[in-house]
Structures are given as C-alpha cells and as structure tokens.
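Note that the chains are named A, B, C, D, E and F in the order they appear, and that numbering of residues resets to 1 at the start of each chain.
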Amino acid sequence: MPDEMMERQPYEGCFSDFASAEIVLVGAGYDGTSSYRPGSRFAPVAIRAETLYAQEDYSPYFHRDIKDKAIHDAGDLELPFGDKDTVLKRIRQAARAVFRAGKKPCFIGGEHLITYPVIEAAVERYPDLHIVQIDAHLDLMDELFGSKLSHGTVMRRCYDLLGKGRIYQAAIRSGSREEFAFAAEHTRVFPFHVRELIPALANLSGVPVYLTLDLDAFDPSLIKGTGTPEAGGIFFADFIELLKALTRLNLVGCDVVELAPQIDSTNVSAIVAAKILRELLIVL
Amino acid sequence: MPDEMMERQPYEGCFSDFASAEIVLVGAGYDGTSSYRPGSRFAPVAIRAETLYAQEDYSPYFHRDIKDKAIHDAGDLELPFGDKDTVLKRIRQAARAVFRAGKKPCFIGGEHLITYPVIEAAVERYPDLHIVQIDAHLDLMDELFGSKLSHGTVMRRCYDLLGKGRIYQAAIRSGSREEFAFAAEHTRVFPFHVRELIPALANLSGVPVYLTLDLDAFDPSLIKGTGTPEAGGIFFADFIELLKALTRLNLVGCDVVELAPQIDSTNVSAIVAAKILRELLIVL
Amino acid sequence: MPDEMMERQPYEGCFSDFASAEIVLVGAGYDGTSSYRPGSRFAPVAIRAETLYAQEDYSPYFHRDIKDKAIHDAGDLELPFGDKDTVLKRIRQAARAVFRAGKKPCFIGGEHLITYPVIEAAVERYPDLHIVQIDAHLDLMDELFGSKLSHGTVMRRCYDLLGKGRIYQAAIRSGSREEFAFAAEHTRVFPFHVRELIPALANLSGVPVYLTLDLDAFDPSLIKGTGTPEAGGIFFADFIELLKALTRLNLVGCDVVELAPQIDSTNVSAIVAAKILRELLIVL
Amino acid sequence: MPDEMMERQPYEGCFSDFASAEIVLVGAGYDGTSSYRPGSRFAPVAIRAETLYAQEDYSPYFHRDIKDKAIHDAGDLELPFGDKDTVLKRIRQAARAVFRAGKKPCFIGGEHLITYPVIEAAVERYPDLHIVQIDAHLDLMDELFGSKLSHGTVMRRCYDLLGKGRIYQAAIRSGSREEFAFAAEHTRVFPFHVRELIPALANLSGVPVYLTLDLDAFDPSLIKGTGTPEAGGIFFADFIELLKALTRLNLVGCDVVELAPQIDSTNVSAIVAAKILRELLIVL
Amino acid sequence: MPDEMMERQPYEGCFSDFASAEIVLVGAGYDGTSSYRPGSRFAPVAIRAETLYAQEDYSPYFHRDIKDKAIHDAGDLELPFGDKDTVLKRIRQAARAVFRAGKKPCFIGGEHLITYPVIEAAVERYPDLHIVQIDAHLDLMDELFGSKLSHGTVMRRCYDLLGKGRIYQAAIRSGSREEFAFAAEHTRVFPFHVRELIPALANLSGVPVYLTLDLDAFDPSLIKGTGTPEAGGIFFADFIELLKALTRLNLVGCDVVELAPQIDSTNVSAIVAAKILRELLIVL
Amino acid sequence: MPDEMMERQPYEGCFSDFASAEIVLVGAGYDGTSSYRPGSRFAPVAIRAETLYAQEDYSPYFHRDIKDKAIHDAGDLELPFGDKDTVLKRIRQAARAVFRAGKKPCFIGGEHLITYPVIEAAVERYPDLHIVQIDAHLDLMDELFGSKLSHGTVMRRCYDLLGKGRIYQAAIRSGSREEFAFAAEHTRVFPFHVRELIPALANLSGVPVYLTLDLDAFDPSLIKGTGTPEAGGIFFADFIELLKALTRLNLVGCDVVELAPQIDSTNVSAIVAAKILRELLIVL
C-alpha cells in the first residue's frame, strides 16, 4: 500500500489485517474533476460512520454476516486534491498492492475517475479483464473540457485498455448522441435498467470481472446525494437481483463511486450506500 | 409577447428566435393562490439553471436531441405577485401571442392556476381542444376560500370553457368527495396511475390536445419539492410510457407546474423537472 | 385516560368526544431508547399539523371520509423523557382506558418501544391477540445495551406476552443472525415485502388483530424521516393493498411509530405519515 | 373580530379571553406581495409553537412574567392568499375591533404590508398617531411592480395617512436613492442602528405610538429566516435597549412582521422571534 | 476508566496515553432528559471529526499548540440511552478514575445533566470545589416533569453538593421567576454577559474551580446547533476574555455541553465548538 | 480576455461594455485545491443571482449607486477543474487583459488560490504593488500536501513575488506556529480584527494597493457558507469602516473569495456576499 494512508475508524465488521484478508477496502475520496457538484471526497468517511449505528452485520439477502469474511479496511488514501497525476498514481499503487497480493480490492470513491487507475492495475494482473458498469451515464466521452482524464471520460479510457466488447454498461440513461454511437460499436449497453443485463452476464462466465458501481445508477428517489442525479434509475431490489447473478461470476474487484453525502441532509444516501457496500463485500 | 418579459439564461439547447421557432418556452412563476407552501415562483429559473450542468441535450428515450428542435426560450413573464388579475392577463397575452403565431407554447409554472389563462387562449385557436391532466389532485372545486380562480379550482374553470368529457385526468389520488362526484359526471378520471389512461388516449386521436403536467403527479419519492405532495404517485418510467402514447396525438401545447424548488435542498426535484421538460420539448 | 395529557390541535376531522368515539387517537412521543437518531418525540405534533393544510379528509382508496368515523383525538401523553418506567406506565394506562371503554386505540409514536405497554393492555382485553408487524427490523433482540426494554427488543417482549406463532412480521429486511434464527422458530416472517403476508392473513380471520406499523417499513425513497432507514422497503401502493386485506380482519387497535419528522426538511415524511394515518383510521 | 378566525394553540401564557384582555394577539399570515422569498404566512403558527418548549414565561430583562399580563390570543385571520383586497379588509376589521374595544393589538405578520390596514384602524382611534419603524428597508416606494399596496410601499402609504414627521425609521440600511431622498424630506431616518433613535424618542412623549418591527432589522447573523435579509443590522441587546426606551412612551399597538420560518432549518429565527414577541408583550 | 468505552478517532493533537496525560478528554453523549430537541449525543463524534480538517493545532490567542499539552482522548463512554441511572453511574466512574489519578478531566456532553456525576466525583477529590457556569439558563429548578435529575435541575443538584455561594453563573438570560429568586439567595448570578463575572473571578483565587460551559451561552448567531437557543448571548471574543481571566485560577476540570450538531446543517456549530474546546484544553 | 468565457446574467447594474468600463468583474469559480469543503465554484453564479431580487443598487453607506459606475461584467472563466495549470493560466490571462487595458479587475472566486495568478498579472503592471489581505487564515504555508500552489500557500507565493513588508494581513485568527513565525518576519499581521489595520493603512498612501477579501474573515455568525469558518471574525460594520479607510488609497484591483454558497441553505451567505461586492465595486 502507498505510504500516504489516513487511518480511519474501520467499516464495522472489517477487522482483518492486510496479510490475512481476502478483500481489502480502500477509500479514494478524490472529486477533482467533478464538473457539477463536488463532495464525493467525503464518501468514505460518511459511509463508514453509518456502519457504526445504522445497520446490522448480517445480510438477510444472502444469509451471511460481514464478520464471516476476511476483510481489511486499509483506511483512506491521502490525495492532494489539486494534483490529479499524483492522485491517480497513488490509487494505482494501492490497487497494485492489493492485486499483487492476490486479494480483491473494493474501492470507495470519490468520483468515477478513480476507477481508471484501479483498472490499470487490474489489467496487469488479469489481462482478460471484463468490466460490468452500473451507471446512469455512459462516461464514454473522449475529452471533457479539454481533458482526457475526467469523470466523463473514464470508461473511454478503460475501453482503451480493454478493447471492444469487454465493457457491459447497464442502467444507462444519459449520454451524448456521440457517446451512444460509440457504445453501439464498442461496448455492450443495456439501457435504463438491469433486467436485460442479468441474462447476458452468462457470457462472462469464467472470465475475471470487475464491477464498477456508480451510485447515480440508482433512482434519485433512493439516492439523492450524488453529483449528477438522473431520473429513471434502479431501486434496491434490482440491485439485489443483479448481485445474485454476479455471484455466479469470477469477481476480482469492485468499486462504489459518486456518493456526495453532504448533499443529502437526511443521511439516507450514505446509509443506503453503506448497505450496498455490505452486500457487495458479502458477495465479493 | 407582452412587454413585461424578464430576460433569462435560456434552457440549454433552446436557441431559436421567436420567428423561426416551432415551440416557445415561457416562464410563468406565479404562486399567489397557493394555499399551503408557496415557492413555485422560483421554478422557471431553477429548472433552466440545472440544464447548464446537470443534463445532456440528447434523449436516449426518443433518440433525439433538443437541439434538433426549433425552440425559443422567451424568458419569464414579469408578474406582480399581489395582483392576480394582471398576472392572469399577462399569461393570457403571452399564450395568445404564441398560438396566433401558429406555434406551440410550453409554459413553466408557477402554480396550477397559470394553466387557466393558457387554456383561454388555446380555446380561441382550437375550439375543440381537449386536455390531458396528469396530477395528484382533481382541482375541480368550484370555489376555494371564496375565490373562483385558484390552484384548487383551475380544472373546474377549464371545464367551464371546454364542457363535458373533454378533460382526461390521470394519476389522481386526492380530492373531496364532492370533486370526485363532479368528475364522475363531467370529466374522465383515471385514478392513481397512468396505466388506464394510456389505452384511452386513442379516443383523442386527431383532436387538438393540451397537456398539463402538475409535478405532484409524481411520487414524492422522486419529487419532494412541490407544495402539496401526495404519496402513491407515478415514477419516471410511467411518464416515459405516457409520453410515448402522447406522440401519437396532436399536441398543441403544454405546461409543467407546481415545482417549488427551494423545498428540496438536494436540488433533485429541479433536476428531474428539467429532464421531464427536455423529454416534453422533444416530443411536443 | 391519564391525568397528564397535553391538549393538541386535533388531527383534522377527528372531532368526536371520548364517550361517543369508536376510535381514540393518542400521541405517545417517547424516543428515549433510540440508539441512533432520536426525534420521534416530534411525530404526533408534526403529523397533526400537516392535516390542516396538506390533505383532504376523503380517501379515494376506500371511498370514505374521515369525518364519517367517530374518532376522538385525545392529545398527547405527557412523558418525562428520562424516566422510562413512568413513560411506559402512562402509555399502558392510556391504552387500558381505551380498551376498557370498548374502543379501538390508535397510537402515534414515538419510537417502537411504545408498542409494548399498548400490547400489555390489549392482551388484558383480548387474550387471544395476534399482532401484524410491518417493519424493516425484526426487533427481536432479548437485550440491547443491557436493557430488556428497548426499541430493538420490543417484539421479543410482545412475544413473551403472546407466545409462539402469534406475531406476523412483514417487510423485514434487517436483524442479526440470532434474531432471524429466533424468528424462524417463534414468529412468522415474510421478508422484504408484504406480498407473501397478504394471503397468509386469511389465517387470522376471526381473531383479534393489532397492527403495529413502523414507518421504516417503507422504502427510504418515500420516508426519509425515520431513525434507522433501510433500503428495499415497501411503497404506498403496497400499503394500500395490505390495508385492503386488513379490512377483512378484526382489527382492535393499531400504532404508527418511528417518524422522526425533523430529519426530513422537505416535510414529505410527515405529510406521507399523515396520509397513512388517514387511511388507517378509515379502515380501523 | 372578523368571523373568519382560525383557532390556534395560543402563545404560551396568553390565556385571557377577549373581554378581559388588555392586549390582543392576532396572526395575519399574508405574504401575497412578497417579491422575493415568500413564507411569512407560516410565521404565526411557527412562533406560537416555539413558545411551548423553547422559552420561559419570565423575562429577566424586565423582571416580569407574561402571565402577569392580560393577553388574549385571538388566533389567526383566515386570509385568501390570491385576493389582496379581502385580505386587507379582514386585517382592518380585526384591528378596528381591538382598537374600538380600547385594547392594544399585537399583530404577527405575515409580510410588512399587513401593517397598513392596522394603521388605518389605529388612525381612526388615534388621529395623532406616530409610528416607530424598526426595519432594514425604508419601504417608501410609491409603487412596486405597478402596485400602490405592497411590502415595498407600505410606509409610503402610512405616510399618506399620517403626514410629515410622524414616522421614525431606524436600523435602516436599504432603499433606493429616491426613497432616501423622500425620507430626508418627510420622515425621520436613523440609519444602520437604533443608537441615535433612542434619545430622539423623547420627542414622542405623550403621543400615541405604534411600533412596527420588521424582523429584517436584525442582523442576518441572528435572524436568517426572513425574505430579504440585509447585513449590518441590530442584535438582541440593541433591541432590549430600544424596548427600555419605549416603556417611557404611550404604546398603543405593535406588529412583528417578515419572519419566514421555513427558510431557517435550525428554527433559531422562529425561536428568537418568539422571545422578541415575549418582551414586546411584556412592555406593551 | 469504565470498561464500556467506545474507541474513537481522537481529537487531533491529543495523542498521549492515559498514564502520561495531564488532561483526559472523555465523550459523554447522553441526551436522555432533553425536553425539547435531543441530539447532543452526536456532539463528541462531530467535534472530533471537525478537528481533522477544519482547524489548526495552534492557538494565536494563547500562542500555544495543543500538541504542547499532554492530553489523552479516552474515547466515548457507552451509555444505554433509556437507563439514566446506569448512564450517570458510568460518567461518575470515569470522572473518578481521572480525578483519582490526579489528572484533569474535560468532558464533552451530551446534555447538561452529565455535569452532575462529574461534580460528584470532583467534590470527593476537592471538597472546597467551586463552579463557574457559563450558560443561558440557570438550570436551578428543583424538579422538571417530576424528576430531580434533569438538564433543567442540574445546577440545583450541584448546589445541593456544594452549598451556598460556591456557584458563579454568567451569561444567564433564561429561567423562571422562582429560579431567579433561588439564585439571588444561593448562587452568584452575572446575567446576560461575562463582563461582570470577570473581575469577580478574583474571589476564586486559590480554590479549585470547575468550569461548565453550556454552549447555549453563546449567541445563537454563532451557535445554532443547540437544543434551546436563547437570543442575547456571548460571542467568541467574550469567551477569549473569559479564558484569559480563568488562566489565573486553579482549574481542576471542565466540560462543554449541549452541542446538537445535526441541527446546524452548515456544521458551523460543531466547527466552533471544536475551536472552543481547543482553547479550553490549551488553558486547562 | 480569454476565449473561454461563459456568458452569465450580469451582476445587477453592471451594464457597461469592456471598452468603456473602468472596472471589470470576472468570475473565477475554481475550488480544486480546497482541502476541506469545496463548492466555491458556485459563488459567482450565486452572488449574481441574489442581485436580481435581494438588494438595491444604491449604497446608503457611501451615498452612491452602482449604476453610477462604469462596470463591465465579463461573465465567468471556463475552468477545467482537474487541470490546475490551465486554470491558473486562464485567470492570469484574464487579469492581464484587464490590467493592460488600464482597468481595475474585481474577481469573484473560487477559492483563495485564484488570487495568485491575478497578483502575477498585477505585479507586471504595478511593480510596487502592496496587498491588503482580509482573511481568517494566514495562508503562508510553503507547501500543503506536497503542493506549492494551494489555497493554504497562496499568500506565501504572493510574498515570493512582492517581498518583505508589502502584505498587510488583518482579521487573522488561524495558522500554524510556523506561519505566524514567518509572518512576524516578512509580512505585517493585524490579528483578530481590522481595528489596528485601519490606522496603519496610512502607510500605503500613494502606492498601488490590491485588496483580497477572503469571506472567512467575517464571523461565521454572518457568513456560514465558506469552506473553513473560524469563530471570532469581523462583522459588517467593521467592513464598512475598513472600506471607508480604503477609499483614501489607490486601489488597483480586488477579489472576493471562498464563498461556498450551497453550504448555507438560508442563502444569507450569498446575499451578504453580494452586498459586500456592491460596496467594494462602489469604492473601487
């Protein structure tokens, strides 16, 4: 792991040390390229805080307890907000450290750009990596405000690494005409919900799969604390159906991004994100 | 258009001038008869503001881009809040100017009463006008607090103009016993959702149809920023189904009313309203 | 009724006196054992306040008006927050006074612990009482923080009074492994939604049934103003389906608990709770 | 009093009936001409609600208890928001009823326009009436948005009734160049604070004085819940100094206007307004 | 220290262990007798969280750094909210452990009642203890809602322990007539501000002094996140003047109570409380 | 001016074109290095929005009207948030364009780092530039999180450009021990308030002076919407006193930074900032 880690009160129930852990939780609260509402920097601390009071360790969906898993909470990466290159390098280092140790990383963003350095590290370990992206937005622009590396270009950069047909995108309901045209040629898009994605996941049987979950995939009814909410998203029951399908795949890592907890003064967004993370950790 | 227009930063993508436009967007932020929580006066500015950052111009639901349409954003009417007669007159003038120019108006309220002067102007142009009202409330009272012209009586006044069987009311889940009795005799009510309305829209084939969309038709899960939220409403997917059915009709104008953006500090209500408006403008 | 009642502006439409009432509404705003976010103390006043402006007396779901029912709003119990024994005693006294007069109580919590003294009084009157609990949480712990009487143990204490198979628990999606194991042996659990509960209610035909409705049973999309929200809950249409099934049973009392109105600055949680209460009062 | 009164839970400690009261408290929650942020309609209910929990009856500033005074809380006037003429008429009727009975009215606004009909009634009773206005704004425009009767013209209309030199305006820090020019000729202005006003009050010895207190006179540090806050206002200690000076005058009535409680989610604005009202009632 | 401690991310800069510490910081987040707005349970965690980001370790008021002091942050006491006796016992145990080890405790409430068990322990160690109370409220009631132990009676109970003339109360601006009468006989009251208190502190030279700081002593302009805010309080500069005077006394312990951080969505209340605590720790 | 300008609804009353303007207003909403709460990106739009409704054009403090001044509102710079170098370059270009045209710039931040490129351009024009910094924080760190260019190092970088004794810092109440030591040697510090600064400004008579106003200089009572609020700041009357002193100097430019409007849901912070800006523009 990089030297620049900030110790945090761990996600409740994640008490393994690094050496004995199967899964490593890492906070990467960078929101430097957010073009609308920043604040996902606060997500890792906010999510962990809710686990102390607001939820049980046991999942009635999978009849398992988070304490049954060997999970190490490594704390948060120290990320100098104004220096994108350093930020991406530190995330890449952390992801590499986890993959090289033969463990599965679970990153808590931060904005969606944090997925890119994790995928860079993942591809080193798993050259045939596939990505399942649950997101309201395609994130397939080639440039945003003149930059190649941004929350709006992140999946295009991942495409550059993985190539055609290796990214499955579901719950999508926003993008430019050009992005949808690009997606039609180069990725697999399952718009609006996850219903058509679930049977298609059978194609991914056997290959290493990384799940990136942008919380704006959820309907803003449920999660209001995110930078660019989009009406018409998925609800929690859809997510559980998706997770059940994912248990049949070879998941090698995941991330949960784009929670901006301070937007939602009811704290419901952070509370729900904490529960989403619990279920993810249990099935990873 | 009336002289008293306030220039506004336009709804993103609506860059036609009046002469060349097919559709004219007008803000009518009046909330003077709101009996509970006022604030819909702020809706036109709030909705347009969200279009700068929070959404794409392209609709993946209809595979069209708002820039493909010739839309003029005329800005906001200057409305003296304490003087209801002047307010209604100015809205009527603006609506007339649009209808007489052979264009389709799209009004952003304000409260629901703003629909009445628009309908007055519409009926002048289209004597066989029919109305599709998507709303939580019947708005069929004959008087409210001694007044004939109010957000609670607006559809009764429209009924006075149009007569029996010309108003279709869907998503309805609130009203007095007397209003429901009146509706049973004089309008067509499709309570609770839009599922039964959709097939019935076939009856309206060929006739000019005006759509009035009170945002409290939506479930308060999705839109909390409205004066009188009512549990049990529609969600965004229902709205898209409805819009698809409406594309088969002869829509001559529409309005979106009752957003009170300042109630919802997450801004989700305004962001969703902006998207609803984008889809409406694209199908109008 | 206890001497220590605080007079309140009544729930709109509940204008009977005690003697002539069939139903008695009582506020019990205690939140002393809440382990996370307190504030349900404010629920009775907040719910009644919304009935003045935000809703009609008429239910289009049941075609009845709340004014058709003989309902007495007794106001709020004065509850010394730091003294749990006195609090529980006063609630028990109030419940007894209602049951002994042959009337049906409807309590507005406060936290879920307030259900326990009401059930104590109910069992005195109806020894074969059954409970239908709509809730996100099992509330079947034997102790919480060393205490036998808490919002997390309340249904375990009710079980101690009623015995095996008499508690039906639906919409449940949170609990420890131990609680789920206890439930499998001693209560009937219908997890996640109310769909499987509804046909099972036929078993309760003829026996006296008490309904306890923890508002966190609802999805946090709809009700954010509650202490421990849990993703994946029911929506309003599910609740109406449930109520329709309940009309075929012998309901002898009910409560609505765990609204913490100040958490939700949009007031939607209180507005929805007021409507839920209207429907409950109409079918009780 | 007008027939159209809405009964309210009274301001704590104001338990006299009308006949035996020396002071009559009346809510006039009209905000129909507010040109920026409405919501002062909610002030009367919000202020009274805070008196139940948030404050003592006893004033340590004047060593008196509100229960020592004979105060009748008449409830709130029912005001049809869209109909300004009716609104003003009802307020005038209520003020007349109080003045004719030889009592002192204390009105809770609502916006500042509500002062005008009260002054109309006051002048009937006290032809030599003088006004002390504590306010951030001069409110001396002759017209606002084409209207003679508005929150921005209210003191100009009062000037029309009273004539030159009879209005003392303090804490003023906003107005147009024209309004300041008018004030220089026709009223007495003590800008920015109340320090220069206090000695000048000696001029008013013996004449009947009406106090109108616009809460935006206070610094927005203290009161944020008002429609048009202005930096640089007075603090609570200044207000107490002012009140001490006012006790030497012949106060015949007062009002407290422009609290918009819902703007301030901390409730501090309403809590402070309730205390301001307590001190006012004690010295009236 | 009691066994039931919850580990917390420490107040920034407080890194001593218990044995080597001069000062021991203890969180006591109990709010069980709050009669209005609870939530001070969240204060210890909220205050510490702000120290990570929002402030420097160095005080320019006293030219000292918090790291210069040997301070141990013992974490938070685990307090079962519904069981007041256990709560008070655990606080007393913790205070005893600190005093007996010859160290100075600094407690973070919680509500004001938590001061009582600390004073019980302090008196055991320092029989001639005096108290300086900075507070908006006298807290001298003999009973509140039938209870002898409550946030409204806490200083009366302390009086019972210490006797006449040993409690100095400043910034006071609320209480019943009876409480002010009691104070006139039994304590020393410096109402409204701390200006008269500061010279009087010379009387306390040499005796052991405990400082209890109720944050509602501050003007609600500055601290809005407290249960019962009172207009007319002190500002930060007054507090620094007071602290300078206190450095000349023999301070043996202190507490900071009644922050309810969730009321103030700007977080300013918690940020200011963290700074107040820094200055206190530096002068203790 | 740079090509990448975003057109905005201008600050009310600033209607000159660039050529004829004496003052040029530029929005620079960058918040990329904020280490705690971002959001100052929204300040320029929020401040201008408030000028439409919430304030007069006339200043009663200086008896002048903003329309009397020739001010051009150039809109907002388009700033790619993740690319600090480009951001700083564009701000420098804009500042240069204004200074080279012989006009005075007034920048609206954004965070405090935006001052640095403006000073770079100012020094080119005015080699003997002096800075008056009104701020809670010294901002004199040499590095923050490994970066030389950050909101915490900005005045150190300005010092590098200007040299010893040319920066006057007032209202300061936060910094590390090292920063205060550096300041003692290299700048002139007037801690806590502006009272000692005002007479010292006489030293600056005749030299070109740039004013940088970090809004956290104000007490958080007044301005809560800022990233790192610090208790003990100045109030509005202090600011007016300061401005009066500044009118005697040769002001060549200014900025107002660190408003984070979305933190303060009452909008008071933005409303006050708009008024501060009005007074600044009037005296510039």
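The rule we apply is simple: a residue touches a chain if its C-beta (ideal position, glycine included) is under 8 Å from a C-beta of that chain, and two chains touch if they have at least 3 such contacts.
Every value quoted in this text rests on a predicted model; they were computed, and no experiment measured them.
Enquirer: Looking only at C-beta pairs in contact, point me to the busier pair out of A-E and D-F.
Expert: Counting C-beta pairs in contact for A-E and D-F gives the edge to D-F.
Enquirer: Which is it for copies chain E and chain F: same residues on both faces, with over half shared, or different residues?
Expert: different
Enquirer: List the centre-to-centre spacing of chain B and chain D in whole Å, with centres computed as mean CA coordinates.
Expert: Centres of chain B and chain D (C-alpha means) sit 38 Å apart.
Enquirer: Nearest whole angstrom, what separates the Cα centre of chain A from the Cα centre of chain D?
Expert: Here chain A and chain D have centroids separated by 55 Å.
Enquirer: Multi-chain contacts only, two chains or more: what residues does chain F have there?
Expert: Counting only residues that touch two or more other chains, chain F contributes 35, 219, 221-222, 265.
Enquirer: Dump the list of chain pairs that touch, please.
Expert: Chain pairs that touch: A-B, A-C, A-E, A-F, B-C, B-D, B-F, C-D, C-E, D-E, D-F, E-F.
Enquirer: What does chain F use to touch chain B in their complex?
Expert: 7-9, 45, 49, 265
Enquirer: For chain A, which residues are in contact with chain B within the complex?
Expert: 35-36, 172-177, 180, 191-192, 219-222, 224-225, 228-232, 263-265
Enquirer: Once bound in the complex, which stretches of chain F touch chain A?
Expert: 31-35, 37-39, 41, 78, 80-84, 86, 113, 144-147, 149-150, 262
Enquirer: Show me the residue ranges of chain E that touch chain F in the complex, using the header's touch definition.
Expert: 53-58, 60-61, 65, 219, 221-222, 235-237, 240, 265-268, 271-272, 275-276
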